[in-house]
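Chains here go by letter, A, B and C, matching the order in which they are written, and residues are numbered from 1 within each.
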Amino acid sequence: MNLHHVIEAQQFDVPTMLKLFDTAAKMETVVAGGGITDYQNRIMATLFYEPSTRTRFSFETAMHRLGGHVISTENAAEFSSVAKGETLEDTIRILNGYADVIVIRHKEVGSAKRAAAVSRVPVINAGDGAGQHPTQALLDLYTIRKEIGTIDGLRIAMVGDLAQGRTVRSLAYLLSKFRGVTMYFVAPPLLKMKEDILEHLREHKVSFVEETALDKVLPEVDVVYQTRVQKERFGDRIADYEKCRGVYIINQDTLRGMKPKSIIMHPLPRLEEITMEVDEDPRAAYFRQAQNGLYVRMALLTHVLK
Amino acid sequence: MNLHHVIEAQQFDVPTMLKLFDTAAKMETVVAGGGITDYQNRIMATLFYEPSTRTRFSFETAMHRLGGHVISTENAAEFSSVAKGETLEDTIRILNGYADVIVIRHKEVGSAKRAAAVSRVPVINAGDGAGQHPTQALLDLYTIRKEIGTIDGLRIAMVGDLAQGRTVRSLAYLLSKFRGVTMYFVAPPLLKMKEDILEHLREHKVSFVEETALDKVLPEVDVVYQTRVQKERFGDRIADYEKCRGVYIINQDTLRGMKPKSIIMHPLPRLEEITMEVDEDPRAAYFRQAQNGLYVRMALLTHVLK
Amino acid sequence: MNLHHVIEAQQFDVPTMLKLFDTAAKMETVVAGGGITDYQNRIMATLFYEPSTRTRFSFETAMHRLGGHVISTENAAEFSSVAKGETLEDTIRILNGYADVIVIRHKEVGSAKRAAAVSRVPVINAGDGAGQHPTQALLDLYTIRKEIGTIDGLRIAMVGDLAQGRTVRSLAYLLSKFRGVTMYFVAPPLLKMKEDILEHLREHKVSFVEETALDKVLPEVDVVYQTRVQKERFGDRIADYEKCRGVYIINQDTLRGMKPKSIIMHPLPRLEEITMEVDEDPRAAYFRQAQNGLYVRMALLTHVLK
């Protein structure tokens, strides 16, 4: 396994993912044992052009648990106080002199790819706008495998904003590489999964069902992957946003309709789309899913820093 | 001594405080010797919803001197760039997957308690609005004990904004647990110590005197605890603020009225309420007091991380 | 060599610089070998009153490569959330209780000197407004020496904003301490090198030439030191700014006029004043120059932390 830049979910084939998940499982043991110091000479730069403390903390914790150092900014637009106009490429070239790995988050689709194009050291995409967030997709798959035991044969409902949610789009793409998976896309008409993904699934003969009623699919599925209707992706189409939010709420009733061995996932943050009462149910896997992000990112760091 | 969350001054009894101060004294030796690396596998998260570089630096230095790692934000309101509405509880649950101890600062009274209620890992309150700032109260007591030699029998003047200053309120509360302490509350009528604390002192038979003239009490006291009249606590009552600020200034004249073995304390930052000329006097203890914050926070960290 | 505070370029004599450059060269080996952990008990505070991620990252990487710890703010104006009015001196006194070295960046000329005046621990100036940025001047000299082999006898063109650029002013000053240097000041009339520096050069019998045409001096020089016309230094004199920017652009044509063994330097960030096509030329030394900043800052840290 020879991993350098981590830019998009599509770059991962099944053997690479399985290898990575093996390493992530080892990282669970490492963390339980209090972390290691093997990477105490390595520096990770977190270059965030928009603040996302959650994602930044997850990566920084991963590096610290490996014993490494971190240089960090959530304010990368101010990389220089005197010249807002510096190109991303120049910034990356300079960071190559400082860091052994660069984790970048940016508002613009394609920024991580641009960064990687000029970087000698590995670049990891921590989200580029409406584009990719590959480490999220990987930790989602890792969670499914760990909770359900296998990915082959999985029946999964993806719920909510499937049109704009980069998480579910990447996840659908990655799941299509496994065998016998059936996907249920549960969304209001305005937020349906887009044709490019559906076309990809047809082409690869992956079963999928489009549905508007959540309760119909609940008894069928191993995983309910809930998402938030993201207000900020609607721009000024407030009326559309109001129409779509709150259509699918996961609550005690939802739980009653689900299989005993199934799980509920959510990329977090959650707002009203999963009620607090659900948290206590053992099927509520979303906080464990967030925790898995740490192990998967530790695994990625160890592979790209080899 | 079994310390987990550190939420409010009231949770500390005298034996716990004395135990903690013993550890803090040991930490002075540790720092003088260049720090230790015993905690190199531990991670502290500083989760600040409002910036306070001073307090954050004090905690982060404490963790670094113990050899530990830090993940840090002064921008926790942006914990997720995409959903401002995430609950504090969800944020804490996620941080439980990353950090071994969480230091929280928040604008709202009671936030630290809410955080602790859902946290497996220790939560330390670094100030919640007009509420508590228990580590400040502890370092104040530690300073008094170290500078004066004992707390029993202490005569202390608290000066300035006693109505709204959380520091003096907590300190008065903690001092009431020691023997033979006399407190002089020196404040303009608008900023008098509030009735809840006075009632508590009466109930526990602690001597106190209310006074408006500082010079009358100066010859009596071992400690002058000066505070700043905090403009931000007055809201738009600018006239009241202007009336109260600058009533009590500690300067060369004040020093002449004080006992030779007494000290001047201040939680810092100070503005005009202590003049610069006072800094050179050996009785000016406020910078040593700030330094003691480091030792007390190191001590707290070692106890909660056990 | 006994170095404590690093406040201005003028404080360095030639033997001190050469000693420092020897250490910096050793640091190149240290970094290539993966860094050291000798400074794992030391803490550096970066106290930035204005954000400059580039400079901050350079210093923090330097400290991390030495094994040290960092406490960091780009938001030092908010050192306390409650009192904007705290003096710089009080902030420094408090930081003396936390850190072993303080790196300060501030908008006001003279701030670093004020900080040093009250600080027991070393203070390093990382830029004070239009004043000094001594570590930049040192890394510039280090780069020249490393790339050209020697500083004595150097022929260097400084190009662009010589009136307001603190970088070229400091560099001219430091170069005047070496033998046989000739400086070509290439600037539009509005941005000419100021009389104080010219007077200093005359006094020390250093050769210099004032010129407005870049192409005339190109065949003569070993170093072309390009600078950016800094919009922010013009305030509201927009017309003057527009007149001056873009007068000297380094591009393929410029390269053709230059000696084969010469180099192009730039303090970065660069905007339009060096075109991207130049980056591939081996004479383009500006990214190597940025990298040298790391070695020089590591060297400075080891000397002041002795």
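The criterion applied here is as follows: a contact is a pair of C-beta atoms (placed from the backbone, for glycine too) under 8 Å apart; a residue touches a chain by one contact, two chains touch by 3 or more.
Small disclaimer: the values here were computed from a predicted structure and weren't measured.
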Inset, instruction - Could you run down the chains that neighbour chain A and chain B together? - result: C
Legend entry - Degree value of the rotation bringing chain B onto chain C, based on Cα positions, nearest 5: 120
Legend entry - Computed distance of Cα centres, chain C from chain A, in Å: 41
Inset, instruction - Mind pulling the residue numbers of chain A that touch at least two other chains? - result: 72
Legend entry - Touching residues (chain side chain B, partner chain A) in the complex: 40-43, 45, 69, 71-73, 75-76, 78-83, 85-86, 90-91, 93-95, 97-99
Legend entry - Partner chain A, residues of chain C touching it in the complex: 34-35, 37, 50-54, 56-58, 60-61, 64-65, 67, 72, 74, 228, 230, 232, 268-271, 287, 290-291, 293-294
